[in-house]
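This report refers to the structure that appears directly beneath it.
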């Protein structure tokens, strides 16, 4: 591992994922826990020049005014996770990181998200250029104050309603003009992406939000030599779909129906309880099966908000398939995972891998990170193990390239 | 596809798997059903010189006196599978194939199997050499009477008790001497394997029985230029284990416990209800997880015999794992598959692929068939998709080799 | 058992439930099957003067033009149920009963149901009084032609959209006036109920449709001395809810969330895939838990239409509850039942019990039949076993009353 | 509620159930939690003269040397239950109660239990009369030191191997003679029962151990005017069986198979991992279904020990049944409950109800407590709700009897 003062800037810093990242980084720094669940801690990555998690400094934006100690404690109590002695031991670091969080923006992120804000101006109509400028000021101030040598930006905020692209979104020149006007042309997630990419910072979209998934922003990334990864972290039910669907292909069984029912009770679930936000999420969830199978079986997916489960996302899937001699059979699974805890290590992995790539001079979309996402930008492959092979191949190439000796 | 008169000889011809193979081949010949569930019908195999299922003629050994029409009808009624009009349409072919089945042997196959025999001499003590000779007579008579151009032998009989190897099993010379004596030195499954390999026929072991998994018999195969594949078809719970366990590796989650509970009600289940037979089965079932993970979590596996389920094998698995920050999570699945219907297409695939290999001059163990088996002989890889990659690679090499143009 | 020529008239005669009732009655008459799954065949009913199922003659209304042999055969093939030799043996009786079915009505039953009709005039706007008159003509013609001594009407047609009651529905006089006008004031299900009750026939509503659940129609029933039972047969998930929820009460566990997800693929499912029809169904499904518990936990219920499952309704429920010292625990269940096969015996039970009651001079709502319904009219009790106790008490009282000696 | 200084003496005081009872009583006394999950806190018991949980003083026997704070803390960490601030707040009370626990006995409790003892003499061969005398000394010393007005003894220790009854166990006179000899004639659980009953104390057997289920000990109870309740607390899978099996009766469905698979990882599971102890447990678990149904379907029950689950007992049940027209259907459930937390409130309920009964002059077996037990002594009813009705009836009778005004 290499040692550099590294900044990790989270959009939605105080959410469940953000808070778990904070506790996790603090606990790793204090040697309270191990690197279990970090993909980048696999033997595959031995001798890769990845940044040590202990070198990370945390900052971010949030539209809610709170702090890490409070949020982690609340998650501990509601979801019955984390050891209370770890919370105590990490208190000082968490407080320091809380002071790095700045008021966020929710312009054009929809009513459900706006309602969460307790920072008055969060969703206030404001010229996009002003918002971008403020975000950049915050990012640079964080970098300078902490004397950071490098820095990555990861979006872990709530799911915005779907934002349909128009002609202006396909040209950076035209979009720049539009952004300087007073009309709103991008959701907040994309303003964050803009701000980061424009500063040449790696940008990772861990949510179904639009973020950098705009052709004009890819242009910007190439121009500024920044890397992009996304979108929507593959943490539970969809991950299993991308592991199991290839089995049905390999055994030549015909999937007739694949029913997915998700129950979740955290803030993410609360936001997804709003139809416009849920639709955006379901879009990224429903494609994977048909794309792996090569045909479209019945694939109803649903999400229910059930506060008592809090962060414990429970998914039940029923796969109904036709075997030899037309015999219909079935497979059911129930996945009981803690959403933030599943997501947090992947956020660290993505930050490490994005920084590694950018350090090596890569630019634009990083296709080798497809295995982390429900809807991998720039990659049509949804089969998890084939996606993972892309990552393995990347690491092998990297180890064989002279750049590594650096 | 190529056309050659091809014999398929099944040990345990009238069992559930054998009967389903018979109905399946007959229905394919009559164009009543499609090649759904045949791995060898995947696009991957397009342009491979595989034999057409319509060219297969069925024969075999069985220790029970019955016939295909009766067995298929009974399976139809007990397990509620197969269309009754298909049974009617296939009656003539099935009767013809029934007449190809010869009395089988159960010497040293254990008391549970012996009790199934309604052929008086099935389990009678008899010199092994005599049994081998009789099996060979039956095989050759089948070949000649049907003017077969080629032929494969597949073992689909009940699970024998485990048979521990001794020194004599490691040398063909010594084993030959032992076999000609009056002492029993091999279970029936291995006598069948001997008989087939000695005639230079491909031998596939679809069960956990010893069969050809004896170093001396591998010597025999090499000497006679015969191919070997096995062992124990991977059709249900173990298949899922070999698909899901790699996910826990790739995501760096620590599996704490993996509980497997299998309920089955067919003849196979009845035999497995005997402790010595069950132990042999559980041995092949329990290795896969630890070998994929690289460490040994708690992996209790159990099998219960429940006649009402008949061929519908229901498996419930609970995977308990440790994620980031020591949070324990779980995945459960319930697999409801029809055992014979899952196995039968794989038997056809294996016969086709073994004949293809032997036709190309390959000899001995066929490692590229690992993805079909719970306990692949000659291969340590248990990860299903890595095993499948071996098969894909084999087919690609084959397509690139000049031999294919033949 | 007593012997009387008994008519059973089904609204939605050719649907899945209707067809299964037809095959069941025919098979019972032919002694091909036993009375397994008939509640009225329990020892409790020994010596009760119930009508012998062999004495039933079937007739009904349907908006689709088809016949029992075709429908039963289709159900056999799609859902893989019924023995094919039974179908053959029952063919004559089924054909006879098919000829008793008359064109039905779908006025004000919503667009989804109207679309099913292949009888041109099914959903045509027509004065309600004319429809009622035609239904009565059909009923009387059936009775006379078959020389029936008694007759019951059971509604087993698709779920109509919810039909909100207005002032006129609370007075028979006012409703009579309205019905003779040209304005539509009742959905088809209620016109059937009206026609039946007005003739003094027992009317059972096995669906969530409005039917006789109109105060004015109860008035009519009392006036005509007819009995009423309903509504919405309790066959699967809701049945289990009404069995399990009382456990949480008795053990003083606090239910936090009770999630229900239903997947179904038959015509009923297809109709419920329309929002207005689904809403009506979900209303009757969602009340039971809160009414048993005495408080309202989170109870999201959903229904998905998945054609490949056809009649095999699969329901997954997750019950999340708080135990001692605030520990949260859970129970999950998966119910895999064949919808028509679950419903059909209850239809027979209800016809027998309604005829028994009417024969004893009872009138109006029959509260002792609550255990058969999701939304028992006239009874607030939803606990299945308490409902069953009402039935047991009724039978005991009946046996002790002199009327039984008749 | 009434107020009396009340002693609760637990055999196996420091086990999971005992420790949870201790924390629960302490937390109730401190008003940290509510009476959720106490059956005796249901509205049914309003105005019943039950003892206030705050008046309970805890003591007991254990063969392990440890203390409540350590055990509760370990349970908290291993099973992830209890709030850490509650542990802190209850520390003083727990320490006081730990000092009330005396060295226990494991004579004739089998090798698995003996191996747990870290009190050297726990399993030492010793005349039964001496053990009984020592137990009584401990009980009386506890009573006197704490000035208790009343006291109940509850057995919550590990499952002993089955102990078959012989002729001498059917006569108190003969058993007394045998006990004074040097031959071992009773397992430890029965010596505890003897000691308690002989002092006229209520004795509750919450385990499958023999305890007071000996005719001679019932004689003793009657002689000393003591009450007896047992045996084996109904907390999870068996509870669900006793709730669901009656549904299959009431709907006249034929249960073909009922498969139960239990996975548990606590000390109880560790002891049950020994064949002789497991057999004793399975005996009480397997009867319930056949006794409710009135016939014997296939009912395989299994228990696996999986340390990672610790106290979280996970049970998977598959019910396969025959419906109308011979259609086979199924119900599966997965129960995920925390064993000690499910048991502890029932221990409190049983102590309260046993003391109430004894205070009212009842003697011998208390049949109204059947709903608490897997194997209710003196009651053949296994249907949970019928058992609960016995309790309801008892409370109603009690409220109507003049004794209550006392």
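As written, the chain order gives the labels A, B, C and D, with residue 1 at the start of each chain.
Note that in this section contacts are C-beta pairs under 8 Å (C-beta built on N, C-alpha and C of every residue); 3 or more make two chains touch, one makes a residue touch a chain.
Just so you know, these numbers come straight off a predicted model, no measurement behind them.
Looking at subunit A and subunit B, the chains that touch each of them are C, D. Just to note, of B-C and B-D, the chains joined by more C-beta pairs in contact are B-D. Inter-chain spacing, taken between the CA centroids of subunit B and subunit D, is 49 Å.
In whole angstrom, the spacing between the mean C-alpha positions of subunit C and subunit D is 45.
Annotation for subunit B: residues touching 2 or more other chains are 80-81, 83, 332, 334.
Residue ranges of subunit A in contact with subunit D, taken from their complex: 77, 80, 83-84, 334. Here subunit D touches subunit C in the complex through residues 20, 23-24, 27, 33, 35-39, 41-42, 81-83, 86, 239-240, 243-244, 246-247, 249-254, 322-327, 329-338, 341-342, 344-345, 371, 384-385, 388, going by the rule given at the top. Interface residues of subunit B facing subunit D in the complex, by the touch rule stated above, are 80, 256-257, 259, 261, 263, 265, 297-298, 300, 302, 304-309, 314, 316, 318, 320, 328, 332, 334.
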